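Given below, in the form of structure tokens, are the structures.
Look at the two complexes coming up: subunit A is in both, with subunit B in one and subunit C in the other.
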Partner chain A sequence: MKGCYIHSAVSISAQDSFDAKSFDFKILENTVEKATAIHPNYRDFIPPAASRRMATGVKMGVTAAKRALQLANLEQPDAIITGSGMGCIEDTEKFLNSIIANNEEFLTPTPFIQSTHNTVGAQIALGLKCKAYNNTFVHGSLSFESALIDAKQLFQENEAQNILVGGVEELGKEFVDYVLMMETSSNQGIKVPFGEGASFFVLSSEPKLGAVNIHDIETISLASENDIIERMKVFLSNNNLTSEKVDAIIFGNNGDSFDSYYNNLASTLFEENTQLQYKNISGEFYTVSAFGLFMATKILEEQKIPSAMLIKNSFKKPLKNILLYNQFKGRNHSFMLISK
Partner chain B sequence: MNELKLELKEKIIEQLNLEEFTVTDIDDDDALFGDGLGLDSIDALELIVMLDKDYGIQLTDPKEGKEVFQSITVLANYIAEHRTK
Partner chain C sequence: MQNTEQNNSTSCRVAITGMGIISAIGNSVEENLASLLKAETGIGSISQIETIHSENIKVGEVKLLNVELQSHLNLPKDNNFTRTSLLGLYAAKEAVKNAEIEDIKSHKTGLISATTIGGMDKTEQHLKQFETDAAVQKYINSHHAGDSTQKIADALGITDFVTTISTACSSATNAIMLGTRLIKAGQLERVIVGGTDSLSKFTINGFKTLMLQSEELCKPFDANRNGLNLGEAAAYLVLEAEPIAKKENKSILGYVSGYGNANDAFHQTASSDDGEGAYLAMQKALKISNLETSKIDYINAHGTATPNNDLSESVAIKRVFDNNIPDFSSTKAFTGHTLAAAGAVEAVFSVLALQEQKVFPNLNFKTEISETGLIPTTKLKPKNINHVLSNSFGFGGNCSTIILSKE
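Let's look at the complex of A and B:
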């Protein structure tokens, strides 16, 4: 099995993560319903002529991707793979509202052109003049994981050596309000704010000193809480691990009733392990697991854990491996195992 | 006429997201395409829709568009002559 090494990781999120200097991330206020990203200066990365047609998600994705390439000292990747659950929802809303407002007349081309899910991947490629393999996965809350699996398969088949992989989501202006209305109407709904962001990684089949390796990823569409325990045991066994040998587990808790999936694992297999969470600092969105992977990578690199992420049990150095488990509404489960 | 020119400049900046420009940056006789404002073919489509929606002018001949969109002055004159709303 070929390695899948993270040569660089960049994230634009609700935290000051783009430069990631302080690593002192704060818990988002639960009273805030939408957590917008902290935006870097996009003019440093995108020419004005190009940026004027870009919506928030495209700017975040292109900038995070460019920065990731810079940090990895890579000019041209062998593939660009993007994951996005909602795509460019901002322009989709603009275009659809314009259809209604103008009675299906006077439709302008820009929001329509930019409203597709693969706009981010395409704009990254256009900016780089990169004609390599370019794919966007739109699989709800498994969009980013699907992109990662595709990258690992390309490495396995010797189709690529360096791949740019990322997950992007923008809040938009309207659709998110309907989702929020549904979530807040029930006391079992999502409690963390809805968020947005872009996290990009340069992955390589070539090892690099100190680079974090993505050992394994598994996705499961539907599973009961007990199924997840069994599937996790098999996943660990396939990677020659037992739960005791996992240095930290990062759960995707968002405060809704489906957190029982995490609680079940936490109180059985991983009771003695360092337990972490990240959606309390990033907010919830379809490709938030990319931010989870960014944080896990930084934790292994820095050997530090932001206190806002700790759920239970302190940690012991050295942290050598981290397991991530995420699900959304009891569906689209994913396990990711990384190590340094 | 000056009011119409100012209105056109404001609409062009807003609808084409010309973030770097203010109305004072656009001279009445600046070329809208090419070396002037640097607009492109997608912008041309946006301008055609704007003429139809805001002034009731339908441009159907591409050659006509090339002449009409030369500059703010030419565009304002054309609108003043042909507008239906």
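Let's look at the complex of A and C:
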């Protein structure tokens, strides 16, 4: 099995994660329904004329991608793979609303052109003049994980040595309010704010001093709480691990009734482990697991755990293996194992 | 993901063991084939969507209404299937049946589906009712692109690896490509791959603003082509590791022998003059298949009938095949351009070409493009066909090619 080493990790999120020197982020106030991203100065990365046409998600994606390439000292990746659950919802809403408002007349093409889900991947390729493999996954909360699986597969096939992989989501202006409305009216809906962001990584089949390795990743479309325990046991044993060897497990808790999936694992397989969460600092969105991976990478690199992320601490150094488990509404489960 | 086989140093071939399709030219593989053989187009006036452009466009509509699809699929009354999901499940079920799969869990099975429009057909009808009308709020969660894939997976009982690809009009080709790669690597033993897209006001108006739609029946590769006809469709293939298919005595319809993905990196919506992305995708597919260009017997071209695509694709084909251009045709004049489904629709047609040993005609062609002089096959043509190359290109420069082989 080839390695999948993280040569750079960049995140734009509701925290100051793009420029931050310290990752000791604060918990988002849960009185806020929507947590917008803290935007970097896009002028440093995108020419103003191009930037004006770009929606929030495209700007975030292109910028995070550029920075990830800079940090990895890479000019051209051998593949560009992105994930986005809702895609370019801002331009989708814009085009849809002008259709409705003007009864299909006086429309301009730009929002339609930029509404397609592959816009971020395409704009990155266009900016770099990169003719390599290019793919976009749009499978809800597994969009980013699917992109990672595709990337790991390309390494296995010797089709690529360096791959740019990212997850991006923008809040948009209208659709998110309908989703929020449904959540609020449901019995035990999502309690953390809805968020947005872009996290991009340069992955390489080649090791680098101190680089975090994405050992394994598995996605499961549908499973019961008990299935997940069994599947997790198999996942660990496939990687020659037992739960004691997991130095921290990061859960995707968001406060809704499906947190029972996490609690079930927390009280059985991982009772003795350090348990962490991240959606209380990022908010919830379809590709938020990319932010989870970003934070996990930083924890391994710096050997420090932000206090806001702690659910339960049995912290002992050195931190070597971190396991991430995420699901959304009781489906689309993902396990990610990374180590340093 | 763990390999299902411990020793996977030699990768297996990927067999096609089933197909399903619903398009403007029929509600089954059989009906689609009959229309292809009779050279009967499915494109006509729009009837199922209310649009001010109805007099000025022609489209490839699936003839079945949503209520008919729902009853075929035995869905409960309160379901929240969008048209994209209905078409997708309808075609995927035919593919699974055609592959004679009795227990989907008997092998490690995945689903990779493609869509560009997702649940937009319902969103565009109900956006302004979502806030107040409880009856339509069920469609809020069916908007995102992964929804149709999840519904298909659940209905078929596929619970593990399930994902959705959206690279505009090359989406389904990328789904076929990823599925093939995962089987070759031993990550999956069986995978259902394809795509689904319904017509929507959103896409009709989008292509209208780009002035890419013809008012007449589209004329792929013709000098006087003046745009595409949009269509709706869903199509799926069942791919299986060859040793499993053989062990179970499955009838093998063909093999996926090559695939390539490249980006044109030229413009968000237009293809480059030299067709670089298309050229690279075809070259990569040929390299994977280990086939010389002379072995390709038929090209099912992307051929949307827009001035830009057909010229750019012609240039790319000439760059790859030099002066030995195989028989080629675009089948878009039968089905319309079915966007994310197109790559799967045309993969089904390519397998039918292998089975029938016939090149399907490129309808409505009269005059060659002066810059390239390429003449597509315009009449149904019997010939020995062992390898078919199929192209799909999309917005964002996404270009993909697959090669399907008989043996």
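Everything below uses one rule, namely that the second predicted complex is superposed on the first by the 338 of 340 C-alpha atoms of A that agree within 3 Å, B and C clash if a C-alpha of one lies under 4 Å from a C-alpha of the other, contacts with A are read in each partner's own complex, and residues count from 1 in each chain.
Here is the rule we go by: contacts are C-beta pairs under 8 Å (C-beta built on N, C-alpha and C of every residue); 3 or more make two chains touch, one makes a residue touch a chain.
None of the values given here were measured: they were computed from a predicted structure.
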Problem - First (subunit B), second (subunit C), both or neither touched by A:Asn135 - result: second
Handout entry: Contacts of A:Tyr286 with subunit B and subunit C, given as first, second, both or neither
Key = second
Exercise for the section: Using the touch definition from the top, say if A:Glu157 reaches subunit B (first), subunit C (second), both or neither. Expected result: second
Problem - Partner chain(s) touched by A:Tyr178 [first = subunit B, second = subunit C, both, neither] - result: second
Practice task
Answer with first, second, both or neither: which of subunit B and subunit C does A:Arg52 touch in the superposed model?
Solution key: first
Practice task
See if subunit A has more residues touched by subunit B or by subunit C, and give me that chain.
Solution key: C
Practice task
For A:Asn102, select first, second, both or neither according to whether it touches subunit B, subunit C, the two together, or no partner.
Solution key: first
Practice task
Return first, second, both or neither, reflecting whether A:Val165 touches subunit B, subunit C, both chains, or no partner chain.
Solution key: neither
Problem - Contact residues of subunit A, present in both the subunit B and the subunit C interface - result: 105, 107-109, 113
Fill in the blank from the handout: Given the complex, residues on subunit C that touch subunit A span 1-2, 51-53, 111, 115-116, 118, 123-124, 127-128, 130-131, 137, 140-141, 143-147, 149-150, 153-154, 158-168, 174, 178, 181-182, 185, 187, 201-202, 205-206, 208-210, 261-269, 276-277, 280, 394-398
Completion exercise
Listed in rising order, the residues of subunit B that touch subunit A in the complex are 15-20, 38, 42, 45-46, 49, 52-53
Problem - subunit A residues within the subunit B interface of the complex - result: 48-49, 51-53, 102, 105-110, 113
Handout entry: Residue numbers on subunit A that touch subunit C, as the complex places them
Key = 80, 85-87, 92, 95-97, 99-100, 103-105, 107-109, 112-119, 121-123, 125-126, 128-140, 142-143, 146, 149-150, 153, 156-157, 174-175, 177-179, 181-182, 216-223, 238, 286, 331-332
